[in-house]
Each structure stands twice: as C-alpha cells, then as structure tokens.
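Here come two complexes built around subunit A, the first alongside subunit B, the second alongside subunit C.
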Partner chain A sequence: MISRPYPNDFRLISNQIGKVLCGISLLYSIPCVTAVACGEWDQIPDYLISFNACFIAGLIFIFFGIGATGRMRWVHSMVVAAFSWFIADPLCAMPHYLSGHFASYFDAMFDVMSGFTTTGLILILDLDHISHSLNMWRHLLTYVGGQGMIVLVLAFLVRGTAGAYMMYVGEGKDEKLLPNVIHTTRAIWIISTVYLFLGTAVLLFVLEYEGIAFPRSLLHALWLFMGAWSTGGFAPQSQSILYYHSVYVELVTLVIMILGSFNFVLHYAVWSGNPREMFKNIEIRAFTVTASLTFAILACALIRSGVYADLVTVLRRGSYLLISGHTTTGYMQVYANQIIQDWGELATVAIIVAMAFGASACSTGGGFKGLRTGIVAKGLYHEIKRIMLSEDAYFLTKFHHIKDIILTETHVKMAGLIIICYVAIHLIGALIGSLFGYPFVNALFECVSAGSNTGLSCGVTAPAMPALLKGYYIFAMWAGRLEFISLFGLIAFGISILRGK
Partner chain B sequence: MILTMKTFRSIATHIASSSWGIVVEGVYIVLLLLLFYSIVLICSVLIH
Partner chain C sequence: MITRVCILIAAAFLASSRLSAAAPEDEAVAVDTLIAQARNYDGKEVVIVGELVGDIMARKEGCWLNILGKNGVAIGVMADRNSIRDVSIAGDYSHHGDYLRVKGTMYRFAANLGGETCIIAKEVTTIRKGYPVAHSLSWKRLAAGIVLTGASIIFGIIVRIQAGSTAVGGGNVPR
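On to the complex of A and B.
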C-alpha cells in the first residue's frame, strides 16, 4: 500500500529547500563586489533585489519547515534535490532579466537553467555588451552548478550529516571520496579551487600574450576557466572561443575541459598517490575508446569533405569540437551553422554520438557517463563470453574503478536503464523539434546537446524558437543533469500524494 | 569563500602536495592528443 505523505514530510523537505535557497542567495555577493570593483553602479540594485528575493524565499521555506521531526528519507532528499533546482531557477534569473538583455523572463530562466546544469545553450541578446558583473553571475552559476548547488550547501552550511548523503546522491553524484559526505563535498571544492587558481593563472598569461589588456584579461581568464572546468561552455563573447583566434587559448581550454570531465573520485585517487588509477580506471578507458572512435569518424568526414586544406587544421578544428562535445562543455571555435552545412551529416552524427556518451560520473559533465558506458560494454563482453564457454562454466567479469569490482546484473541493469532514459529524452526532443519544422538532424543535435548538458548549437536555440521547445529543453537539461534519479523520486512522491492512503 | 592569507597558503599547500597527480593527469592528456594525431594520419592514408 502506498502511504500518503504526512505534514512532517513536507516540513522536512521545506526546511532543506529553504537552506539551499539561503545558501544560494549568499552567492549574490560576488557579482555585487564585481559591480563595485568595475564601477557598474547601475547594476548593484539588480543584485540587491535578487538577493532579497532569494533570501526571503529561503526564509519562507524554512518557516514552513519549523517543527520538522524525524530523519530524512531517500524520497525527501530526491524531492529536495529536484525542487531546489527548479525553485532556484526563477530566483536566480532576476539579474538576467533586469539587465534588459532578454526578450522575456522565460528566456532568462532558460539561460539560468542552462548555467546551473552546465549546459551552455544561451538565449541572451547582445552578449558582447553585457556588464562584467552579469558575466560574473552567469559564470558563477555554471561553476557552482558543476560542483552542485547542494554540494555547496553541504560543504559550507550544513552541520549535521543526517540526510546529507541522500541529498548528495539526489544531485547526481553518487560516489564518496571520503567516508564522510561533508568531507567529500569539501574535497570536491578543494580540487576545484586548486584548479581554479592554476587554470586562471595559465589563461591569464596566454591572454596577456595575445594582447588582451589587464584587468579584462583576468576576468576573461577566470570566466573561461569556469566555463571549461564546469564543462558549462559559457563564454564572455558570443563567438565563444572563436573570438580569441588563438591556438594557445584553444589548447589550454582543451586541457581544462578534459580535466573537468574527470570523476572527482579519480582526481582524489591520483592526487593521493595512486597515479596508476589514471590508466586503469574504467571511465578513462571508456572515454579514450569512445573519443577515439568518434574522432576517427569525424576526421574521415572532414578529410573526405575537403573543407580544410591541411591535416593540422583538421586535427585542430576536429579534435577541439569533438572533445568539447564529448566532455559536454560546448565551447566552439567554428560558427554554429558551419557544423551541419560545411562539415556534413557524418561529422554531425559523430559529434552527436560523442555528446551522448558524455563525461565521467561524479564529475561536472553530463551524458551517459563513462562508467555506465564501460559497464554496459563489460556486460556485453560477459554475455558473449558466456555463450562461447560451455554451459557449466562459471566465471566472473570485473571492472576497475578505484578498486576491482565484480560485475553484477544489477550494475548492468541500472546503467542500461539510465542510458535508455537519456536516449528517450533525446528522441522525444528531436521529434518535438521536427514537428516545429526543424530538420531531424538539427533537432536531434540540439536536443542531445541539451539533454547531455553539452551546449554545442547548430543554430536551433535562439530567442525566436517556439516556447514549447524552450520548455522541453529546460526539462531535458534539468533531468539530464540530475541523471533521472531525483526525477524518479519526484514522480514517486507525486504518486504518493495522489494515490496514497 | 573569503580569500585570506590562510586560504592562499592552504591552496598553495594543496597544489604542492598534489603536483605529482596533476603531472600524471597532464601525461594522459598529452597521450590522448598524440592518439588523435595518429588517427588523423591513419584516416588520411585510408581515404587518399
């Protein structure tokens, strides 16, 4: 029998959502400081209004959660994770809309969800002339979204660990670096902060070398790092990486994108004196194989089409876009319409497949994830071996992820189920796009880009696109980022409200 | 996070202690790019 939630269940959920919103409201201090430092006095009221709205909304949720007793259960955590993202979206869209760079509030919400989910699709108007503080806010959202909003709150606000692990899992990160989940979330932020300093310093050096004056070079270095590390793909200029016309900027961001797509557990293992993990880990092996195969298809397509005269350009353009797609970052150094028109359908399909495979589990990226791809490949290998051997033969298949793990039917079933969910949202999105008159390949490209939180665009995403398609992409970005786990929890909670007794 | 000298010192310590790990991650990326380069060469030979 399904039991209907008690008022205490709602109080527990409301209390946690309130804490998350109060935590997010503190982030407004960073664009506010940027506005003061850059003398953008007109922008400061936007952030103060937005901070107040977000903080008051958080307090209201905490007020409704007063008197909550008992422990958080899985379903509570899933609802908190799923709802926090949806409630934070309109609250964080205020500075966007107040800037006057969006055609509607819905468009501003689209960009914020794109930032939080580290997607990178944008509907902003005249990106090249927005204020420094708004650029800081956009990139901060994607940087925080990459690590996880709830991870942020767990790391710095929550004192007790009751229910913390469940919320951490609900946000699409289901592996612990350390036995304690609070320590795990802090370790994630330490890794990100170390690379933030290193990556920004290297990019600052490169941008200064390319002739961009200080302090603009520092801001661009910081934002490019945030966009690449979080695999968000936001850039301060509308032409993305193409704006810089620099092979060095491409090379540095390429390295940061790949680093950002690694599992935090892998970073921690390698940093803690286990360098062999880098070459034994199933996710790295899966990434190497899928990236190589898709790049081989892309390279063949580019060479055959003759769009580039020499092999170095094929390598430069092809590998950058392929890695950008595979790590689900979305940085581009070609024009959006160039992908399908000039590169051809075979190259487009290679990038679609790379985007769908995506980055590693427990990383800032999206997509199927290397762990699931590796597990399904190992499952196929196990089945083929079982057929080849005699019926009485008993054998085990193992995979290596930090330690050797025996492959079970549950591993394969869970990985397969999530991959099916991803494929379903990609195909539904492509069908909706086709119904609105977009060519199927274009619609599929854009929806895979949204669902896998990549952000590469072939031109479908634009302020003039149908509102229903915008709404579907928001849903696809959100569901894809939370890896459906919280979506299942939300559906279960909804059913228990309607059908419970 | 408030950037104090203590924070900077803590981050510098982390960079120093994890430098070997960062080098290993860099080696993997270099090998991956070399693999891509060889793929381009092989594809070029196969197509022409």
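On to the complex of A and C.
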C-alpha cells in the first residue's frame, strides 16, 4: 500500500529546498562585485532585486519547513534535488530577463536551465553586447551547475550530514571521494578551484599572445575555463570558440574539456598518488574506445565530403567538435548550419552518437556516462562468453573503477535502464521536433544535445522555435542532468500524494 | 540646348554615383546569408557591412576582426594591419563598434587559415565611427531592490524568531 505523505514530509522537503535557495542567492554577490569592478553601476539594482527575490523565496520555504522532525528519507532527498533545480531556474533568470537580452522570461529560463545543467544551448539575443557582470553570472551558473548546486550547499552551508548523502545522490553524483559526504563535496570544490586557477592562468597567457588586451583577456580566460571545465559550453561571444580564430585556444580548451569530463573520483585517485588508475579505469577505456570509433567515422565522412583541403585540418576541426560533443561541452568552431549542410549526415550521426555516450559518471558532464557504457559492454561480453563456454562453466567478469568490481546483473540492469531512459527522451524530442517541421536528423541532433547536456547546435535552437519545443528541451536538460533518479523520486512522491492512503 | 542636355546628364551621373557611394549597404551581402549559403559564395569576392565587435586581434599573418551583421550573425575577417588603421572601436556592452564595410574574398573553409569560414579582406572602410553607450541607472529598479532588501531582513528575522520558538517550545510536531 502506498502511504500518503504526512505534513512533516512536506516540512522536511521545504526546509531543505529553502536552504538550497538561500545558498544560491549568495552567488549573486559575484556578478555584483564584477559590476562594481567594471563600472557597470546600472546593473547593480538588477542583482539586488534578483538576490532578494531568491533569498525571500528560500526563507518562505524555510518558514514552511519550521518544525520538521525526523530524518530525511530517499524520497525526500530526490524531491529536494529535483525541485530545487526547478525552482532555482526562474529565480536565477531574473538578471537575464532584466538585461533586456531575451525575447521572453521563458527564454531567460531556458538559458538558465541550460547553464545549470551544463548544456550550453542559448536563446540570448545580441550576446556580443551584454555586460561583463551578466557574462559572469551566466558562466558562474554553469560552473556551479557542473559541480552541482546541492554539492555547493552541502560543501559550505550544511553542518550535519543527516540526509546529505541522499541529496548528493539525488543530484546525479552517486560516488564518494571520501567516507564523509560533506568532505567529498568539499574535495570536489577543491579540485575544481585548483583547476580554475591553473586553467585560467594558461588561457590568460594564450589570449594575451593571441592579441586580446587585459583585462578582457582575464575575463575571457576565466569564462572559457568555466565553460570548458563544467562542460557547459557557454562562451562570452556569439561565435563560441570560432571567435578567437586560434588553434592554441582550441588546444587548451580541448584539454580542459577532457579533464572536466573525468570522474571526480578519478581526479581524486590521481591526486592521491595513483596515476595508474588513469589507464585501468573502465570509464577512461570506454571513453577512449567510443571517442576513437566515432572519430574514425567522422574523419571518413569529412574526407569523403572533401570540405577540408588536408588531413591536418580534418583532424583539427573534426577532433575538436567530436571531443566537444563527447565530453558534452558544446564549444563550436564551425557554424551551426555547417555540421549537417557541409559535413554531411554521416558526420552528423557520428557526433550524435558521441554526444549520447557523453562524459564520465560523477563528473560535470552528461550523457549515458562512460561507466554505464563500459558496464553494458562488459555485460554483453559476459553473455557472449557464457554462450561460447559449456553450460556448467562458472566464471566471473570484473571491471575496474578505482578497485576491481565483480559485474553483477544489477549493475547491468541499472546501467541499461538509465540508458533506455536517455534514448527515450532523445527519441521523443526528435519526434516532437519533426512534428514541428524540422528534418528528423536536425531534430534528433538538437534533442540529443539537450538531453545529454551537450549544447552543440545545428541551428534548431533559436528564439523563434516553438514554445513547446523549448519546454521539452528544458525538461530534457533537467532530467538528463539529474540522471532520472530524482525524476523517479519526484514521480513516486506525486503518486503517493494522489493515490496514497 | 545640346550643352544643357550634356550638363544635365553629367549632373545625373554624378548624383547617382554619389548616391551609390552614400549607400554602401546596397551592394552588401547579409552576413547570415553569407554563412547560410557559403557554398555559393565560396572563393568569390563579396562585400559585407556590419559592426566590429569584441577585439581586434593582431597576429603575424594580419589582424582578425569579427563583424556582426544585422541579424545577429558574426563572421571573422582577416585584414592587413595597414587597411584597418582608422578602425579603433570594437562593440561591447559600453560601446557601439565601428560600422565597417569589408570587401574581400569569402572562404567557406580557408585552407591557409586552418579551415576557417572567413573573409580575407582587400579593403576595409569605416562607414560610421563607433561611440560609447551610456547606460543610466534605473532609480525605479534601485528602489525596488532597496524595498526587497528591507523585506528580506524583516522576513529573515521572523523566520529566525519562529524557528527559535519552535525549537524551544513546539518542536515536536506529530506526523
């Protein structure tokens, strides 16, 4: 029998959502400081309004959560994770809308969800003329979204650990770097911050060399790092990476994208003196295989199309876009329409497949994740081996992820289920896109890009696209980022409200 | 009579040539059209007009400019340093960039520039000089922000008091 939630369940959930919103509201201090530093005084009231709106919303949730007793349960944590992301979206879209660079508030919400989920699809108008502070806000959202907004709150604002691990899992990160979940979230932020300084410094040097003057070079370096590390793909100019016309910028962002797509557990293992893990880890192996295979297809398609004069250019253009897609970053150094129009359908399919595979589990990236791809591949290998050997034969299949793990049916079933969910949202999105008149390949490309939180675009995403499609992409980005787990929790909670006794 | 007619024809010719010089956008291809139909323009001489945005990036081979067309699509232009001497203001939040007319060869995938889709400029002319854009502070928004700050403080105090009283007295809420 399904039991209907008690008022205390709502209080527990409300209290935690309130804390998350209050935590997020503090982020407004960073664009505000940027506005002061850059002399953009006219922007400050926008951040003041937005901060207070978010903070008051958080307080309202806390108010309704006063008096909550008992421990958080899994369902509570899932609802908190799913709902926090959903409520934070409109609350963080205020500076976007007040800037006057969006056709509607819904478009602003689309961009914020795209940022939070590290997708990178944009509906912003006249990006080349937005303020530095708004650019800072956009990139900060994607940087925080990459680590996870609940991870942020757990790392810095929560004292106890009751329910912390469940909320951490609810946000799509189910592996611990350290035994304590609060220490894990802090370790994630330490890793990201160290890379932030290193990456920004390298990009600053490159941008100065490429002719961008200080302080713009510093801001661009910071934003490019945030966009690449979080695999968000936001860029400060409308042409994305194409704006810089620089092979060095491409090389550095390529390295950052790959690092950002790695599992935080793997980063921690390497940092803790276990560099060999890089070569043994199932996710790295899966990434190497899928990236090599999709690149081979893409390179064949590019050579066949004859658009590039030499192999070096094929390697440069092809590998960048493919890795950008595979790591689910979405940085582009070709125009959106050129992917299908000039590169051809085979190249497009290779990029779609790469985007769908995605990055690593417990990373900033999206997609199926290397761990699930590896587990399903191992499961297939196990079944083939079972057929080949005699019926009495008993054997074990192992995979290596920090330690050797024996493959079980549960592993394969769980990985397979999540992959099926991803495929379903991709296909439904492609169908909706096709119904609105977009060619199927274009619609599929764009929906896989949204659902896997990549952000590469073939031109479908535009302010003029149908509102229903925008709404579906928002849903796909959100569900894909939370890896469906919280979505299932939210559905279960909804059912218990409606049908519980 | 013939002299008058000749003078009229000459005057009309001069006027028409002046008019065409005053409207350089007439012969220009829109940047978004150029990108969408890059195959048709590949290797051909084109004219574009648009606002210089971002940065002027000086490199060994020349200077990279990014020209933003009317419909929000930008394209890279590789220009010789000497041809852009009077180009100075690039568009951003606080500036409208120089409005330029660029004549050059369009490349769908320029082989000598790493496969870039760009224009290699032969001639860059400033149609209209860029200028600073003043953004004034909205007093209404500032007032709204201050009022909301007050509301935040008051509501924060209420929540704190309520949470405190619940913790002391009535914290044990039954399920």
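One rule holds in what follows: the second predicted complex is superposed on the first by the 501 of 501 C-alpha atoms of A that agree within 3 Å, B and C clash if a C-alpha of one lies under 4 Å from a C-alpha of the other, contacts with A are read in each partner's own complex, and residues count from 1 in each chain.
Everything that follows uses one rule, which is that contacts are C-beta pairs under 8 Å (C-beta built on N, C-alpha and C of every residue); 3 or more make two chains touch, one makes a residue touch a chain.
Only a predicted model underlies this, so the values are computations on that prediction, with no experimental measurement involved.
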Which of subunit B and subunit C A:His326 touches, first, second, both or neither: neither
First (subunit B), second (subunit C), both or neither touched by A:Phe55: second
First, second, both or neither for A:Leu315, with subunit B first and subunit C second: first
A:His101 touches, of subunit B and subunit C: first, second, both or neither? neither
Touched partner set for A:Phe197, first subunit B, second subunit C, both or neither: first
Most subunit A residues touched (candidates subunit B, subunit C): C
Touching partner for A:Ala296 - first (subunit B), second (subunit C), both, neither: first
Touched partner set for A:Lys470, first subunit B, second subunit C, both or neither: neither
Touched partner set for A:Leu259, first subunit B, second subunit C, both or neither: first
Shared subunit A contacts, counted only where both subunit B and subunit C touch the same residue: none
Sites on subunit C touched by subunit A in the complex: 35-36, 38-39, 53-59, 63-64, 66, 68, 72-74, 76, 78, 91-94, 108-109, 111, 113-118, 135-138, 141-142, 144-146, 148-149, 151-152, 155-156, 158-159, 162-163, 166, 170-175
Contact footprint of subunit B on subunit A as seen in their complex: 190, 193-194, 197-198, 255, 258-259, 262, 267, 270-273, 275, 278-279, 284, 288, 291-292, 295-296, 299-300, 303-304, 311, 314-315, 318-319
Parts of subunit A lying in touch with subunit C, wherever the complex brings them together: 6-8, 11, 40-46, 48-49, 52-53, 55-56, 59-60, 62-63, 66-70, 98, 125-126, 128-132, 210-213, 216, 237-239, 242-245, 247, 307-310, 313, 316-317, 334-335, 337-338, 341-342
Touching residues (chain side subunit B, partner subunit A) in the complex: 1, 11, 14-15, 17-18, 20-22, 24-29, 32-33, 35-37, 39-44, 46-48
